[in-house]
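Shared between the two complexes below is chain A, which pairs with chain B and chain C, respectively.
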Partner chain A sequence: MKFKTLDRRVIYLFVFLALSWPLLKGFSIKPARMKSADKFYEIVDQTKSEPNKFAFISFDFGPSTKAENGPQAEVVVEHLMRRRVPVVLFTQYIQADPFLKSIPLKIKAALEAEMPGQKWIYGKDWINLGFRPGSGLLIQSIPKSTNLADLFGVDAFSTPLKEFALFKKPKTLKNISLLGQFTGLVGLFDSYVQFFQTTDYKPVFGHGCTSITIPEAYIYLDSGQLQGLQEGIAGAAWYSKRLTDAYPNRKPDNAILINTGLGIAHLLLIFLIILGNITGLISRSKGG
Partner chain B sequence: MNWKARLLATLTFLGGLYYFLDFVLPAKLPDSLGGYEFGKYNQEISRGFIAIGSVAFALGLINIFYIHGARIIFRKKGFLNSIALLISLVAMVIFTTNEWLAFEQVNKYAENIRNIAAYSRQIQSDLKEKKESTRSPNARIELLIAETEKIIKDSEASLSEAKSDLPHIVRDGLIQNIKLVSKENNLLKIKNESEVAAPIKPLDSVATALIKLSGDRQQLEEYLYKSSTTKALYDFVYDGLFVPLGAAMFSLLGFYIISAGYRAFRIRSIESGLMMIAAVIVMLGQIPFYIYVSEVLPDLRLWLLEYPSAAAFRAIKFGAAIAGLYMAIRMWFSIETSSFAEDNSGKAGANK
Partner chain C sequence: MNTDFALWTVIMAGVATLAIFSFLIKENPFYRFFEHIFIGISAGLISVQGIRYFLWPQILVPMLGLDIVTYPDGTASKPYEPLLLLYIVPLLFGLLYYFIYSQRYAWLAKLVIGFSLGASAGLAFKGFFAEMLPQLASSFKPLVVMEDAQINYLQSVSNIIFIFTLLAVMYYFFFSIKADSAVEKKFSASGRWLMMVCFGSFFGSTVMARLALLVERLQFILIDWINAIKTVLIA
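And then the complex of A and B:
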């Protein structure tokens, strides 16, 4: 009955191998279809590139959930930038601030390498508002604002928003065609569900959550308060696959690789649960 | 109830009343009711919250130094951990503050150029509208010319500081725009000296050239900032240590969950059996390998999440919301015991 007293370090070693092997070898498998991520893809794909309209994307995640929320945010921002929908990036979580700078630059470099001759320019294709404190109160101020440029004032680099073509004329909530929010923090997500709307207008809302908060996000998807959802890394991987199908020249990202590793780890977990139950059953039948 | 408790209860009630009214009443009351605009001061109130939050951070810092400082001085158990904590804390504060100051400097130059451009446009607009100013228009233009010359010299000096690996697109743009600003400024100088009336048109050209220069200057300063030691040190502590450590802390969960799954997830009853079946379906339904088991697994998973799980979570959410409402009412009316509440002996600060 060696399995009964299996050293946890052996289990840790197996988990480590399961997660790292696909990353090191570049081994990936087609992700499972996620209908909620399909819905997210569709709402982004239907967002038109119109003058005076933009997508408002909030990165409310830090290093701890970057592995899940990072790829989710990347695929959505990439999709919007491909479709030339201006993106306004924002965060209420101080630790996300560096990602607001690095993620769009990474996407810009990938897109410009894929499509030589085309340029994605800061101020036109995306604007970074940076970290803004104020939490729920700030979210409540957005629908009430008669000019978002006055509410936010400057971007993350202290450039007055009114200097950007997008904010030359007053912009309100009605100019936001799509709201995207990525977080593992349920409290922050709830404040968008409650307050990011007026009595006569509500932007289309897509959310990226961590695996732990999936069950909670589903109640909003079912009620229609959310129009799209990316469930953990599995959602990001399926979204990434849809993007690759639509843009065949696109280089694969890490989402599918990480998802494959996580899939192997899940298989290991299922195997260990079954093994644990068999050993437990044998032990009980022997009166152990 | 002592006066402190009464004061706190009154302030709490008024604060709660404001937000209650802000939520239920229209954004602007009808003129017959005073026409008050709710939410008008939300930004100021939000700044107040930030200020109070900052005070809480400062108190937290003092507390950390007090507790861990004492542990180090008296060499109590775990004092080495306390040393590591305080060194990390001080180092992070120094690196982050330095980075913040350097980044502020990056924007300062471009902002200064934009301010001069705005000044040029202001003179132009005042001249068109024939507005009076404390200085004569020609004197204001002379001041503008002098400031623009300073910007040109400063930009040339910064450009010469930049190493040869400065992207040529930035270098070329900056050289071109320095020349453009210099040309427009000289033109303005000549017109201002030769004409009796202050020139209007060249003011616009100077402002436009300055705005162009501000963009290039920002890029140059960003380049200088990115190649600075301050930025390298910040990247080392933030991207090199903080981000991976944060991710590692969270990823440990995965290791523990799998180990716990093996040790604790045992079928001992019908309920635990159902739970295991549901867990296995949800896990298999979202991983790429479901295809080797059954193609219906993703749909089964979806059904589990959309029906039984969503129903249970709704019930939990409703329960939590009602409990939250109950707590909010208790806090709003100060029914909860506070730090200033009196105990039976009449002493303030005791918990009931």
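And then the complex of A and C:
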């Protein structure tokens, strides 16, 4: 049977061609509805733009999981910036540092192009705290802090936080209306579940995970420790669709394109698995 | 960022990506060269970024008063905060770790290791309860779910499957009593089968994650990289 001796490089070529086609043609298919991503969308949509309140968003991902966590983080930060909820960006993962700078700037450019006359300004609409080491120890100190400006001191560009209007008055955990965290690293996510709360206050928590950690993340959704979840690129694609429905002038983003490629790759894999099994059965029946 | 620099960064990233992908054809020196570069960069990057983005701007600059501007009239933008010198204490304590290379003073490194272990153990202990207690509480689910005086069959079945899975898997790992009867053996075996279903979903989601990474890289190569090459060639 020729299939048995098929060079694996032929399969790689098929996968490459199948994935390249939608990318080159810009072809996209409607993403499937993801209930958990819907919940994430709702909690962000219900976050009010109030003085002294802000969203605390942690980008804990690097280039290795950027394909999934990047689009997830982008759609949530975009949603918050559209709703004029101030966003404080932060990371515990050093390789995420460039994304803290590039993602809000990319969103600002897109929003200002979409809505001429409106401006999104650093220091007012978003603040970048940059990379901070300390893992669980630092996360634990956030709820205990009586003034987050004293705890963090300066932003990623060495500007004292007290110089920003948002941090002029002392801010604590209770001023954080929403916590969003995007990572493929389960350990960092756990730190937030464990320590980002006081006995009388816990911000609404939305999480973006990679596809690998979806089964684990569902546990936290079921227990109520998470209020929203974006499951891999599929979650980001559905969230993106919800955003486009709500803001029709919005330009399509990467999430739906990658999700389309992923769907086609899955179809190809299913086809190959079925083909492999059929040829295997035929070969066995012939005593091969 | 300088446009030329950004362009060459994209081109270089594309070459590196293709070099790593070339392993799919066969092991080759092009792949091996970039693999070594990648390992070297990974090792160096963390320490450089730690100094550049954290140690220098957030510890050394304020501690040394380098963020204070002295105006022409001799006044300063802000007074120096002497308490910042206390940063020296944890800095020196952390540096004791390097005594691990000395046979005579290795005990000093053990102080730092002991401190780290103690802090980690304390955090893990506290974290375990903060994380697990809500999950334990949520595992107590009603087997019959009532909504508006009617049974919600779908949710009820879901809860029954959840409870059965929980008990069966726990029973599979219960080694204190030997499962002798046929019922016990089947219950234990069903725990194993349910775990297999779970591992299958883990495997499926792993494939999904890896393919998403591949799609993103292909998008980069086919669109960003090709466009960068075209820009260079036209220029």
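Everything below uses one rule, namely that the second predicted complex is superposed on the first by the 288 of 288 C-alpha atoms of A that agree within 3 Å, B and C clash if a C-alpha of one lies under 4 Å from a C-alpha of the other, contacts with A are read in each partner's own complex, and residues count from 1 in each chain.
The rule we apply is simple: a contact is a pair of C-beta atoms (placed from the backbone, for glycine too) under 8 Å apart; a residue touches a chain by one contact, two chains touch by 3 or more.
Since we're looking at a predicted model, the values are computed, not measured.
In the three-chain model built by superposing on chain A, chain B clashes with chain C. Contacts of A:27 after superposition on the shared chain: neither chain B nor chain C is touched. Judged by the touch definition given at the top, the superposed model places A:133 against both chain B and chain C.
In the superposition on chain A, A:191 makes contact with chain C only, while chain B stays out of contact range. Of the two partner chains placed by the overlay, chain B and chain C both lie in contact with A:67.
In the superposition on chain A, contact is made by A:12 with both chain B and chain C. In the superposed model, A:201 makes contact with neither chain B nor chain C.
When both complexes are overlaid on chain A, the residue A:215 reaches chain B and chain C alike. When the shared chain is aligned, chain B comes close enough to touch A:267, but chain C does not. When the shared chain is aligned, chain B comes close enough to touch A:275, but chain C does not. Across the superposed pair, chain B and chain C both touch chain A at residues 12, 15-16, 19, 64-67, 95, 133, 137, 140, 158, 214-215, 219, 222, 232, 234, 262, 265-266, 269.
Of all residues in chain A, those touching chain B in their complex are 6, 8, 11-12, 15-16, 19, 29-35, 62-67, 95, 98, 133-134, 137-138, 140-141, 144, 151, 157-160, 163, 214-216, 218-219, 222, 231-232, 234, 259-260, 262-270, 272-273, 275-277, 280.
Against chain A, in their complex, chain B makes its touches with residues 27, 39, 42-43, 45-46, 49-50, 53, 106-107, 110-111, 114, 218, 238-239, 242-247, 249-251, 254-255, 257-259, 261-263, 265-267, 276, 280, 283-291, 297-298, 302, 305-306, 309-310, 312-314, 317. Across the complex, chain C is touched by residues 9, 12, 15-16, 19-20, 23-24, 64-68, 70, 94-95, 97, 130-133, 136-137, 140, 153-154, 156, 158, 184, 190-191, 193-195, 197, 210-215, 219-220, 222-225, 232-234, 254, 257-258, 261-262, 265-266, 269 of chain A.
Taken together, the chain C residues at the contact with chain A in this complex read 24-25, 45-46, 49-50, 53-54, 57-58, 61-62, 67, 119, 123, 126-128, 130-131, 134-135, 137-138, 198, 201-202, 205-209, 211-219, 222-223.
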